[in-house]
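Working notes for the structure below.
Chain IDs A, B and C follow the sequence of writing; residue 1 opens each chain.
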Amino acid sequence: MTDASANNSASGKSSLLVQDARTRKRNAVEARFKWYGITAIAIGCVFLILLVTAITFNGSRAFRQTFVTVPVTLDAAAIEAAEASMMKTSQYRKMIEAALLTEVAEANIETDMDAGKLGDMLSSSAPAQMREFVLANPNRIGDTVSFDFLTSSRVDGYLKGRVTRDSLANDKNLDAAHLDLVDQMRDIGMVVKRFNIDFIIGSDASEERPEQAGMGVSILGSLFMMFVVLLLSLPIGVAASIYLEEFAPKSRWTDLIEVNISNLAAVPSIVFGILGVAVFIQIGHLPKSAPLVGGLVLTLMTLPTIIISTRAALKAVPPSIREAALGVGASKMQSVFHHVLPLAMPGILTGTIIGLAQALGETAPLLLIGMVGFIATNYPTGPIDGFLSPNSAMPAQIYEWAKRADPAYYERAWGGIIILLVFLLAMNVIAVILRRRFERRW
Amino acid sequence: MKDIKFSARNVQVYYGTTHAIKDVNVDIADKTVTAFIGPSGCGKSTFLRSLNRMNDTIDICRVEGDILLDGEDIYDKRVDPVQLRAKVGMVFQKPNPFPKSIYDNIAYGPRIHGLAKNKTDLDEIVESSLKRAALWNEVKDRLDAPGTGLSGGQQQRLCIARAVATQPEVLLMDEPCSALDPIATAQVEELIDELRSNFSVVIVTHSMQQAARVSQKTAFFHLGNLVEYGETGQIFTNPVDPRTESYISGRIG
Amino acid sequence: MPFLWILIALIIIASVAFVLGRQRAVQSAGGDSRKLHSLPGFYGWNTAIGAMVPSIVILAVWMIAQPIIVNMSIAPMITSVEASDSATLGLVLSNVTNVSEGLDAAIAAGAITDNEVAALNAETDNIKGLLSQVGKVVGSDITPEILDAARASRDMNATGTLFKTIVVLAAAIAGGAFALTKIRPDLWARNQVETFVRYVLITAASIAILTTIGIVLSLIFNTVKFFGMYSATDFFFGLSWLPRFQGESDLGILPLMWGTVYISIIALLVAVPIGLFAAIYLSEYASKGVRAVAKPALEVLAGIPTIVYGLFALLTVGPLLKSAFGDGGVLGVQWMGSADAAMTAGLVMGIMLIPFVSSLSDDIINAVPQAMRDGSYGLGATKSETIKQVVLPAALPGIVGAVLLAASRAIGETMIVVLGAGAAAQLSLNPFDAMTTVTTRIVAQLTGDTDFASATALVAFALGMTLFVVTLGLNILALYIVRKYREQYE
């Protein structure tokens, strides 16, 4: 076999130390290809950074709110008159506005506004806040009490840089003169921007009062739902996994269940919402918008995830453990429940927490069963009420705020996302710790 | 005496902290079959893989000392491993045809190295490579069939043909028959003997009989050391080192 | 809550049964529990199961059967509707149920007493107002006939519930007693308990099947109802989507499908190249350090809820795109009318899908055997040549499967499109136009007070059915391809 190619390889001896033109070209292609990969990773990371920046930049402002301090004299006669009238809050409002005007005058701030116009810088929640205080502390009537009232969202937006004098040109409530006033009030410390706990624990407010809206009630709604999900999906998921992993014979039925589970894991979440509407509300006559129903829907949605991770955890327990148990005369059931399950537990819990985190962030199915944001205005009165009375959930509340086309609500939606992400982060950290702490190498 | 193809001087190979090859010196002749034998884990495969820098693909692997191919250091910074591997082809333990047609399997090397000017050229290379690997007659009618559909022995000969097609100067074979049955093994061994007329062939093998059958030179490795290197006949009939003798007589292994 | 009380009573009975069963077992062995076949606890469990299982089965059957029987017996009272017109009859009966439940709620809330209910007059009293006080909204008018039927149904339900309680508790006691009589030292109590546990496990595993059946039945049932009111041909081939609550709606799915597919394609055009290249880089090139940082970063993207992406689309990406492509934008083109656009939603959905594509592809690329790469490197191929000509072709089926799964995710995604894509159902080619999708319309039609009798609400089920069939088809195909691919290298 002395054909041409053999000669070629003998005669065409090139030095290894010199790259030939073709190799250089190929290496250029190689470098380019590698750069595509780096670019792809970079794009992914840039998006992540952009997202995180957008959330923190826009959302952190929601946690601070502008308050105005007004000492109001709780005049017994005026309060009696207010309580007797039809429009109670408007009477209270008048008292506050008068007090504000006095306070401004005392601070030597000049203004030609009347009390009513001046009061436009206050949140419309102020009268209710004062009335609640009066009803709760009737013994303080007659005293002068210093109230921290929320300012209107426009004033708040001005201090946060969202509202400018130009943007107020067409505003029917507030104008540039108010802002001049606010500047002076801020200088003397009458108007302050500070941390607002009510954003985290408060309830949703009407469309005109973004400054008052909070996540508290919807957080409770989410927690009640998660309780239902945990209570149902963990035992059912574990039972199903034990059967499929340890007992199921290789049969058509088992195959069908397995295919079913992997398909359910990929069914769009909104379809589970439709299932919830039809089965739990239309047929089952369960109360609409109830966290119980939301929990049931999310349970069905997370079950596949939990089953898949639980099976992986069971599979990771080596067969020698099972054989050892069977060897001392335990039944199959005893070997599973006494030995395999405890060993698989950390893995199962990790998977369950991740499934719960997924459920916590889910929105679409909740909208269908009526857990929309604006419902979250009242705290549940007790545990049973918490499960059965209409409520919303964190993501649905965020969606509701995003829909209200008011920049002040956009800010709260971003802020709500921070709260939601804090919950998710906490759950994931717990999952990671569980995994690290109990990870076992066989 | 034939030309020296590879010449290794004071070669050390490390896997992380493990010292896998200790101070190996060896000259490998052109147009000769050289066999590396030794018990498993003795470093013979590691040394083979350092001859075409396949060890580069393993992160923790480090090579020291000089390995010269035709007098040029293959671990020189200026050497592109890609170019080196075109000259020093490799056949692996398990047949690993690509999931492509038989034709494309053979044509893969010539295509990436730009060896064929046109389709006719490529056809010729494919045909001659398959002929050299003694596979042509079995597959000439189904060059479009997937390479993975062949029998184990055929697959391994396909891999040899694939290596031959890039027109290398040296062929490295890492236990090429360990996954094959005796008949296929005999075919591949016969093939190796024929390849000797054009290439320098280095073969790692577990089987002493195989080394005795196909090689002219044999190197015995033990625990990372090159214990003995010489003419195959001499190693098997009259080994100098007692360790070689115990291995050949079956006392260690 | 009589139901809750029944459950509590059952648990008490079962606990008593457990204690009795255990005692009796030990007694029967003369106090020496070693003479028993199983541990004494198993005899206790066995007795408790005997008390619980039959009673719970009876309870479940009763709760399903009672409303059906009540409905069947009050149906003759509805004389205003032809018995053959089952659809209308069904609606009237569901009104009756609503009214009777409302009355129950009103009594519970103290708004009305039992005697006052008997004295209610549909002609003169404002029953609707009364019911809405306790949060029960009844859509149609409450005729005397409906009120009578509601009263009858309340009476029957009250009797039924009473009997239910008696029968169920009696069954529990009888079952427990029977199990107690069976106890003997040589009874294989453990085996019986384990068989029971096994059935519980099987039931749990079958919930997956039940869920699917539930999804399919609820979709089919309501879709058929919808097609009774609206022609299927118009639904599947209609070019216009214009729901009106007064009726005469145009409910053609094609504009929605167009938006769905268009947005999904944009998303895949973003996600597939980026995700695939990221996976290739991570599995073939990246050093350990880079991998340790980049992989979790991408996974974080996967863990973020879709509502966050939706807000990102609505408030960040949309305005950004508009400032580039909109009127008075940087590029000087006027392609974009509003920030809501197919492009906005598609782009953000693409970002969401990057980690999905990359982690699936990563698994698949890693499944290609190292021997394949070695063979290529051994011939002197560069890394990129090896990837492009050996690894990717070998991984192709798996990657196709991953892309199909990503497509199914994109089609079923809701919150991003609800917030980012707009609401205009139009057949436009311009990616910067607002479009709408199947999922957004399901949300729009089913949110709020849903009247399950109108075509505008029921169309959501037909949309859901279409969505379910399409995504299920994609999933099954993808899972099949991926499974076949895995088998090839196992």
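Here is the rule we use: contacts are C-beta pairs under 8 Å (C-beta built on N, C-alpha and C of every residue); 3 or more make two chains touch, one makes a residue touch a chain.
Source: prediction; values computed, not measured.
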- Quick one: point me to the chain whose Cα centre is farthest from that of chain C. B
- Message: Tell me the chain pair with the top count of C-beta pairs in contact.
- Response: A-C
- Return the distance between the CA-based centres of chain A and chain B, expressed in whole Å. 61
- Using the average of all C-alpha atoms in each chain as its centre, how far is it in Å between chain A and chain C? 21
- Note on the structure: chain B residues touching 2+ other chains are 82-84, 87, 112-113
- Query: For chain A, which residues are shared contacts with two or more other chains?
  - Reply: 26-27
- Message: Quick check: what residues of chain C touch more than one other chain, meaning two or more?
- Response: 382, 385
- Residue set of chain C touching chain B in the complex reads 288, 369, 371-382, 385, 389-390, 393-394
- In the complex, chain B touches chain C at residues 52, 54, 57, 59, 82-87, 89-92, 94, 96-100, 108-109, 112-113, 159, 162-163, 166, 172
- Message: Give the list of chain C residues in touch with chain A in this complex.
- Response: 97, 101, 190-191, 194, 197-198, 200-209, 211-212, 214-215, 218-219, 221-222, 273-278, 280-282, 284-286, 290, 294, 297-298, 300-301, 303-308, 310-312, 314-316, 351, 354-355, 358, 382-385, 387-388, 405, 408-409, 411-415, 418-419, 439, 442-443, 446-447, 450, 452, 460-461, 464, 467-468, 471-472, 475-476, 479
- Note on the structure: The residues of chain A that touch chain C in their complex are 26-27, 29-30, 33-34, 36-41, 43-45, 47-48, 50-51, 54-55, 58, 235-237, 239-240, 242-244, 247-248, 256-257, 259-264, 266-275, 277-279, 282-283, 285, 300, 303-304, 307, 331-333, 357, 360-364, 367-368, 370, 372, 395, 398-399, 402, 410, 413-414, 417, 420-421, 424, 428
- Note on the structure: Residue positions on chain A within touch of chain B in the complex are 1-3, 5-6, 8-9, 13, 15-20, 22-23, 26-27
